[in-house]
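Worksheet: one structure, shown below.
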Amino acid sequence: MTEQMTSGIELMFTGMGIVFLFLIMLVIAINIMSALVQRYFPDIPASKTVPGITADIDKSVVAAITAAVHQYRKKHN
Amino acid sequence: MTEQMTSGIELMFTGMGIVFLFLIMLVIAINIMSALVQRYFPDIPASKTVPGITADIDKSVVAAITAAVHQYRKKHN
Amino acid sequence: MTEQMTSGIELMFTGMGIVFLFLIMLVIAINIMSALVQRYFPDIPASKTVPGITADIDKSVVAAITAAVHQYRKKHN
Amino acid sequence: MENLISLWHSTGIYNFTGGQAFMMLVGFLLLFLAIKKGFEPLLLLPIGFGAILSNIPVAGIAEEGGILYYLYYGIKTGLFPLLIFMGVGAMTDFGPMLANPKTLLLGAAAQFGIFASLLGALALNAIPGLEFTLKDAAAIGIIGGADGPTAIYVASKLSPDLLGAIAVAAYSYMALVPLIQPPIMRALTTEDERKIEMQQLRVVGKTEKIVFPLMLLVICTLLLPSAAPLIGMFALGNLMNACGVVERLSQTAQNELINIVTIFLGLAVGSKLSAEAFLQVKTLGILALGAIAFSIGTAAGVIMAKIMNKFSSTPINPLIGAAGVSAVPMAARVVNKLGLESNPHNFLLMHAMGPNVAGVIGSAVAAGVLLSLVK
Amino acid sequence: MENLISLWHSTGIYNFTGGQAFMMLVGFLLLFLAIKKGFEPLLLLPIGFGAILSNIPVAGIAEEGGILYYLYYGIKTGLFPLLIFMGVGAMTDFGPMLANPKTLLLGAAAQFGIFASLLGALALNAIPGLEFTLKDAAAIGIIGGADGPTAIYVASKLSPDLLGAIAVAAYSYMALVPLIQPPIMRALTTEDERKIEMQQLRVVGKTEKIVFPLMLLVICTLLLPSAAPLIGMFALGNLMNACGVVERLSQTAQNELINIVTIFLGLAVGSKLSAEAFLQVKTLGILALGAIAFSIGTAAGVIMAKIMNKFSSTPINPLIGAAGVSAVPMAARVVNKLGLESNPHNFLLMHAMGPNVAGVIGSAVAAGVLLSLVK
Amino acid sequence: MENLISLWHSTGIYNFTGGQAFMMLVGFLLLFLAIKKGFEPLLLLPIGFGAILSNIPVAGIAEEGGILYYLYYGIKTGLFPLLIFMGVGAMTDFGPMLANPKTLLLGAAAQFGIFASLLGALALNAIPGLEFTLKDAAAIGIIGGADGPTAIYVASKLSPDLLGAIAVAAYSYMALVPLIQPPIMRALTTEDERKIEMQQLRVVGKTEKIVFPLMLLVICTLLLPSAAPLIGMFALGNLMNACGVVERLSQTAQNELINIVTIFLGLAVGSKLSAEAFLQVKTLGILALGAIAFSIGTAAGVIMAKIMNKFSSTPINPLIGAAGVSAVPMAARVVNKLGLESNPHNFLLMHAMGPNVAGVIGSAVAAGVLLSLVK
């Protein structure tokens, strides 16, 4: 086996080792962090859309608005 | 006539010649391409707006939406 | 007092002098300009929003549209 | 006291040269034309402002270390005009042209303005004190292409010192198209000709629109690779729009990217409006030749359309030849207006859009010829 | 094995210096202030992140070849702060100021903070170990201008090593305006003064708004061309917005362009927050002087307003003088809040916007003075 | 006449080399795949177009003075891939991963494809005429990361000559994920395993999402600072989005900025598709190794998931291991599809998103290892 190949194999072991080490550390850190945050800084689950409002608009209205926005964009850009 | 002028005139003839040659080639190529495409790869005429939907919205609604979009943009930018 | 301090104090007087001189000139220029413009080039007060339209849309409609725009943006970006 | 004297010596009043003052007035004139007269405001406003900024004494905004100096690299490298061209490509619909490809020839004929004014520039060398090199003449001629980014691209390569005047002339005359073209168009056509109605154009499918920019690029590669930077970026923009699968890139190219580059390009062009470069008899020559270029281009387009009308199986309204100079979409609108004057049912806009966008290709081709032959 | 040792030698743990660790904590502190305390998050978040990135050992993100190194060119050339200033100009409405031009003087008075803290910096040289040059002192003083891009622009020209600390101080104190200003404003005014209602402002027409930025640029050119880069780009943005004919450019300048540049500028400023540059007694001096600058500027504005109220035919509420430091629009909001506390019908927001935007001009003028006199 | 000959000598027909013609065909093939087959069109369209432009004879678009030459600086400096990574970070939701952190290990296992194909490249040196250095092998291996910007970043640092082929392979195989992965996934799992339903994920709060990118950066700093440019810009984007206080910056990073950079990056990558660099046996090796890398990565992910399912208290469907290669979000969608095939009530999309985004981190870490150990 060539020297290059040897260093390649070594690289593979080191590399995969580091990748696993890194992500295992991350798993541990996440677990600790999540526990701490949920215990000491709990927050209301983030919900980006306001479902109440969105649900009220039926699809045809959304379609109409989408088209209007399209028109608006075309005119204004 | 100066030498410069001579080369200018020569440039004019060469230039217009190339321009025409180029665009004539393009006309020929378009004709061939259009024939081929319409024969072998016909597609439904592209229509970017959906007229049905757009037509349904009367102008005042569009105006209202445009204004709303304006407000939205101001707030969110 | 150090020489540096002296030049600092000098700088302060010159600086504040220039700042005031500049802005006083600007005040004078604005007064002249406004008088001239209002006399010779009067224009209808600029109003960027069209209050009539905006007022007609009640808040819930605006909210609905805002949500729709949001959806539209998410889909189209 | 020392400070005060040093400050006084650094005021604009103390340092102003007549040339700078004059060029700032030119800048204000451009702003006036842009804002009050609506002359191509998107470009002439930043150009005018750039002219003012670069002629402020002491500040050195267009000199090394100043912002306009750095922005000018975008022109020097060709980046800015080519990115604008990409954006324009993305905004261009080749549908009307593909529906009636022979109108491409009108976009060829109208380029005669370019070469005629090139000759004109050389002829002006007869006047003592004027000395245009062949490169200068070519850069001036390209004004007749009626296409801003092409003119800036060519001028930056062939004659950067004249860039300011050339860009100003190009955009000003594009804005003046509704004044320059109609008399020429009326003079060269009869009332009957202007009344000619044209057959409705077929709808061009998506596949043709996708294939076209690629075909254009191939022909350019084979015949005239020196035009490939311009034609290539134009075709890229057009393809991004036509293909429909990279909508977000196409939108950005047409909007934010072209807007950013427009501001930078305008300012950088303005930085070439220095007193030394602009306050020369040459500039008057450039302005005169630019007007001639537009006029001759218009005339050549109309005459070509008249000839084609003679030989064509379907009627061709000679007015649409005027749109061949490009100046998209103004020239096409002018055609439409004149058509409606003679015949209220004659909507020529779509028919004029074909030669109009063909004119963009035509002047890019002419630019390629000049870039490859003028050395 | 060799690999493992070589890897160990390339870990952060192995290479960390105390200074880097400390500066990363500073970065996290800035992120905390930005995200949790709402301190100017648009700038402090990228600055804080840039501080972290540039202090990561081994990675060399702020050294040649690293991304922050390249982004810093945008500050070195002045491009980034000037483009931000253009965007700010496009967002600024000079209407309230034009309706009551004498409030411009409040924007002049508040610049006293700049020169007072400049003197303060020189005075600190008495402390052994501290050594501020006149350039350093000027760069520190500009914190009192309460205007981020101006501070960064001046610091990058006069004292790039202090840039990080100066930018952080400037933006932090701008965020702290609601805490710093009220006690000073209350101390210097009586309850009756705070109750003063001001006359409603006239509506300013479009033409005046178009002419103003041009007039501003002309005066700057004549009196103080060294301020022309700042004032010029500000006026350009303002004109683009006011004229109404280049709406798409104005929108891009206010949104996408300023956003892109803000990210880049913040990161690049962060790259100057290295341990060697920041972990010095100087930094404490800068932070102290910054607070003094804001306080003195506020006081000077309020006192000026009191004086003007004495001599003015129409009543002037002294509180609006505090808005003269700029810190747009926070300072104006603080004024409004204090006005409402004393008199629930007293809406001072619009009246405070005049001095507020005047303060931006005022500090750009002060910047011009410093750039032209401090060598 | 001289002109005509000179023109003829400047045509593409006269100057075409076979290599250029072939590379233009490769460019057209990429356009075809992008437009008609929907292969990662956002990148492959500009790359394909860039390939065409850079192989146009005479024009020199990728040589000094040409636009692609200048755009390539954005890759050389690392700016473009890192900005894309920032944008991707802003678009990434770490919620599903934070809800089930052990799935991160799947994103680790799938990186085995990188190192396996690195070995493969070295093994190919046995074939006469092929000569991959360790740097080349590392750059090729990173294709297995299934992440475009990471591959481009690493290749530009380690083996710029292979950049074109590597980028094309990376994006092509990402587009081919729906073809490459399913057979491997089916072969390695039983029907019963594919039917496994997973517990619904808890909702992850905003604070955890804010803290995560910072934590990621800290761990990266401590363990592997050579990955910090990639991880750092990714974390910055993610933080800007998660924190909610710099919405306008986050939006710009996800939209206009990433779009602009994508166009530029694609064109610049295309400029590395020159005949000399691409028309080598090496390229075939790269394409073969890329496919192997994806396959092995997929297999490693699935096997890891099977092992974890054995030891886990809650059930883990082995299919989600395939998503560990990244190729966001295609790989997760493929998982979802296969899950539904075996069990119509089995929605694995969210469960697969965890390993999917973990795979992005995993390949950035692998990139850091390669950048720090391969010299």
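Read from first to last, the chains carry the letters A, B, C, D, E and F; within each, the first residue is number 1.
The criterion applied here is as follows: a contact is a pair of C-beta atoms (placed from the backbone, for glycine too) under 8 Å apart; a residue touches a chain by one contact, two chains touch by 3 or more.
The structure displayed is predicted, hence computed values, not measured ones.
Counting hops only between chains that touch, subunit C reaches subunit E in a minimum of 1. Summarising the inter-chain layout, the chain whose CA centre lies farthest from the centre of subunit E is B.
The equivalent interface to C-E, defined as the listed pair sharing over half of its contact pairs by residue number with it, is A-F out of B-F, C-D or A-F. Seen from the C-alpha centroid of subunit D, the farthest chain centroid is that of A. If you average the CA atoms of subunit D and of subunit E, the two centres end up 41 Å from each other.
Averaging C-alpha coordinates per chain places the centre of subunit A 34 Å away from that of subunit E. Remark: subunit B and subunit D have CA centroids separated by 16 Å (rounded to whole angstrom). Looking at subunit D, one finds that residues 3, 7, 220, 223-224, 248, 255-256, 369, 373 touch two or more other chains.
The residues of subunit A that reach two or more other chains are 11, 14, 18, 65, 69, 77, listed in rising order.
By the touch criterion stated above, subunit C contacts subunit E in their complex at residues 2, 4-5, 7-9, 11-12, 14-16, 18-27, 29-31, 33-34, 37-38, 41-46.
Against subunit C, in their complex, subunit E makes its touches with residues 98, 101-102, 104-105, 107-109, 111-112, 114-116, 118-119, 122-123, 125, 134, 137-138, 203-209, 211-212, 215-216, 219-220, 223-224, 358, 361-362, 365-366, 368-370, 373-374. Note for the complex: subunit F touches subunit E at residues 77-79, 82, 210, 214, 217, 221-226, 228-229, 232-233, 236, 239-240, 243, 245-246, 248-249, 251-253, 256-257, 369, 372-373. Contact residues of subunit E toward subunit F in the complex are 3, 6-7, 10-13, 15, 24, 28, 31, 34-35, 38, 41-42, 45-46, 49, 52-53, 56-59, 61, 65-67, 70-71, 255-256, 259-260, 262-263, 267. By the touch criterion given at the top, residues 2-4, 7, 247-248 of subunit F touch subunit B in their complex.
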